[in-house]
Amino acid sequence: MNRRVNEIGLLIQAIVAMTRRPPPLRRIVREVFSCGNRSIVFVCVTMAFFGMILVYEGCMQALALIPDLSSAGPATIRSTIRVFGPLMAGLMVSFRVGAGIAAEAGTMVVTEQDGALLVSGSSPAEWLVAPRLVACIIAVPALTVVGCLAGILAGGALGVGWFGIHPSDFFSLSMVDRGDAAVCAAKSLLNGMAIPVFAAAAGLNTRGGSEGVGVAATSAVVRSCVAVAVIEFLVSTVARVAGA
Amino acid sequence: MAASDAEAIAIDIQDVGRSFGSQRVLDRVSTRFMTGRATFVVGPSGCGKSLLMKMLVGLETPDSGRILVFGKHVATMNAAELNGLRRRVAFVPQHPALFDSLTVGANIALPLVFHRIQDEAAARSTAVRLLSLFNLADRADLLPGQINQSDRKIVSILRSMACGPECLVLDEPTTGLDSPSRDAVFSMIREIGMVDSGIETLIVVSHDMQSTMAIADRIVFLYKGVVRHDTSPAGFLTATATDPIAAQFLAGAADGPMNTEADEA
Amino acid sequence: MGLTSNAATTVLETTGAMAVTSWTALTALVRGRAGRRQALRQIAIVSVDSLPVLVLISLLSGFVMVLESASYVESLGAFSLMGWAFGLVTLSQLGPVLVALMFAARAGARTTAELGAMAVTGQLDALRLLGIDPVGYLAAPRFLAMIVMLPLMTALCDAIAIGAGAVGAAVVVGLGPALFLQSIAQGGLMDEFLLGIARTFLFGGAIAAVSCTFGFRVRGGAAGAGRAVNDCVVVSALAVFVIDLIFTIAVL
Amino acid sequence: MPDPAVDLSGVHVRFNDRTILQDCNLRLGAGLIHGIVGSGGSGRSTLLKVIGTVIPADAGRVTILGHDIDQCGGDVLASIRSRIGFQFQNLALFDSFDVIDNVLFAVTGGDPDGAEVADRERAVELLDSVGLGDFLHRHAGQLSGGMQRRLAIARAFAPRQAMLHIFDDPVAGLDPVTSSRILGLIASRCRSGTGTTAVISTHEIDALLAICDLVHVIHQGSIIFSGTPAQAVGNRQEVVARLFRDPVLHRG
């Protein structure tokens, strides 16, 4: 098809399609599973590595200044929940799921299945985007929580095992408050909304045959990563202004 | 293509078989491609023609039987020998891809430059010379996306001819072309033997029976995994009198005894 | 059981394929078989392609770091340490890792897409049929470009993020840019910077190996090309984190 | 004469600054089999997609089955689409679905999960008629090329109240015998139908001449000839003559 799709338009089309004919629960459940299954191990592994790197680097630096590691755990936990958890989980889901959604949408475009959807009385917004939008709004926050846990636990294991921090010192929520949880929730919810829409739009804008699909998948990853970073920035700014 | 008196066996296919799962695509195929001849391989869609051609240059291997190219057993060749083979036997696949970031001229020159047969300037003039043989010299500086389908087909064939192979294998060179473009490609194929290209042996897979009958020195008709006819165009015409399947294929008639891929289950 | 051994086979196979690709590409580089023009072209493509997104991400993450540390800094009154802490996190970890991740998403994915497109449109076969080894011809210049350009871009992005941090600190907590930058300059962070850059050579090599290998292995048309891009960014990200942890523990 | 099934007047379609269709005028009488002929790049596929409401026109009026496409709302458009069966040039099968779901998708207007018993019976009957009755639950991607083609044709006949069937190059790259059989299948189903209109484009000129009521020649984005097969063969216009030249010779 010849017409460019933009993200906002696609989001609106998907919502309109949902009100006209809601996606069957079966498909939503399947998409949640597929998004979760595809990403959970990947998010956990990368977050675990990142948590260990954070703790290792932080402790080494702290030791050079003051031989006190008591705030290493709480500080790691707070920054993971507020910044690194939503950011890294968002980036990793963009990598894992974004490219996949774009590839599927792009393949449908180059094989003209999007046209076949139209003449069959459905539409890419209804068939491709709507169920994934719902699925990602559910799955991305869940993955973010699990990823944060993985990062904190792996970092904690390193802090406790290597640097000898007492577990009760490390795993302390003394620096975390409700505002941090709200920031984390807001970022991950918005990520869950943005990733499928940006990825699907990139896929539906595929041009030029099979070579286009790879390009679309690439641009899906980059665009959804940028969306994640912008969301990070916006939510942090709002939180700062609101004093959360 | 002018048949020489002392013709030799360029490619010898001996009892070649190949299955995919339970499906026996090639059963026992035996035939010989002679130097100095233009042999056309025909048969219904999905009868294994392309598969057989890929075996000639080692892109596929047979399950049974063997293929000798210039006397050497293809399946036993190592990577270096295969590279050498592919420079003597140029294979142009069904959808030959031009390098879309290079100009038409640079596409043809690439193998010459890469193999350090010629420097860039000389390779370029070789490319232009080859293009001018088929009246395409003015396309040399265009990108593949800027020329039409039949010219792209011809350029991809020229690129395979750049290093001076002895044998040229064309796999369905006119698939997806409209009839004027088909004519352009077939007239190029007809001329390959007349211009000074160095090609001695030509093997073409085709569905276009009219052009096949007009150009071929020899026709190999593959059907149900075996060579059903291996003869001259005149011989093929004679065979249609006694073989209803060959007759139906030549006429392209819907009704007849022939099984095609579309019927297979 | 079957699943685990399957996964193990896949990992081993992929690692092996990456090793072969790297070896072939690097020997072709050493032997000078990669054309200089090709290499320069790849360097230009990689830079032009990745710079916008890298600059954007550096700016945004610089601001976010300041925003998120502001309340902490204010409550402790540790304004003089703000620049140092910022520089430390940016130069040693966040800069190299984020830049490498985005580089993988842009340049790596692009390479896979491009090579994958050549594979599905038969251009790789066309090279093979002309007796040209695609790995030496196509992968070698890309290896060179990525290994050279990722460190340079990381250095540039470090500078941009610090600039964004300085501006952000002025806007958010009213700390003068001079004080912020001074605190970085006097913090003795040169080692952190150099170690940060050092690991990006490894990241660059890993991303090149992953993206070329996955690109060459594309099968199955358009869907295959999309899957390969997906796999490329995922495996690149894993490689970046694994290399980073090993490197951090090995040198600190 | 009844209202035409398709009426295009002054249609323009541009794509990336390139004009594909230019002032294209075409009326397709209802209940007839129409052939569309044109060389590569003439805008044939785009024309068929405009007729199939897959691509909107940039300018001009498109009236399909009595409705002006630009003027009608989403619901009317959906109802028009539910009466069109389209076989895409590259088939566009939903390759992750099984055979029957591909057909059900078209029968039910995009809601295969909501298919009723009658829909299922219709789909099975259609698949039987193209010889795929034994493969209902095979994935479309796993069928052989010939079977995929027949599935795509079955899908184009599937919509419940189909009034317009469009076939874009249904026999590309097939051997002559298979081509004749597939075109024969299309013709016989169209003839047995109840006043439905069919549009077929193909390079197989003589087969097309044998089954069509009218043929239309497209050249550089406009229709330059419309008439009966006999008029087409006798036409002296250069482009038309070149396309229809000596159809007997194109027979083997």
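Couple of notes before you dig in:
Going by the order they are written in, the chains are A, B, C and D; count residues from 1 in each one.
To be clear about the criterion, contacts are C-beta pairs under 8 Å (C-beta built on N, C-alpha and C of every residue); 3 or more make two chains touch, one makes a residue touch a chain.
These figures come from a predicted structure and were not determined experimentally.
By number of C-beta pairs in contact, chains A-C lead all other pairings. Distance between chain centres (mean CA atoms), chain A to chain D: 42 Å.
Note on chain placement: the centre of chain A and the centre of chain B lie 51 Å apart, centres being C-alpha means. We define each chain's centre as the mean of its Cα atoms; on that basis chain B and chain D are separated by 33 Å. The distance from the centre of chain A to the centre of chain C, each centre being the mean of the chain's C-alpha atoms, comes to 19 Å.
Touching of two or more other chains is recorded for residues 111 of chain A. Contacts between chains close into a ring here, every chain touching precisely two others. Here, these are the chain pairs in contact: A-C, A-D, B-C, B-D. Listed in rising order, the residues of chain C touching chain B in the complex are 118, 121-123, 125-126, 128-132, 137.
Listing the residues of chain B that touch chain D in their complex gives 43-46, 148-149, 172, 175-181, 207-210, 212-213, 248-254, 256, 258, 260-265.
Per the touch definition, chain A reaches chain D in the complex via residues 1-3, 21, 24, 26, 111-113, 115-123, 126-127.
On the chain D side of its complex with chain A, the touching residues are 13, 15, 49, 52-56, 78, 81-82, 84-86, 88-95, 105-106, 108-111, 113, 155, 159. Those residues of chain B whose C-beta lies close enough to touch chain C in the complex are 57, 59, 83-84, 86-87, 90-91, 93, 95-100, 110-111, 114-115, 156, 159-160, 163.
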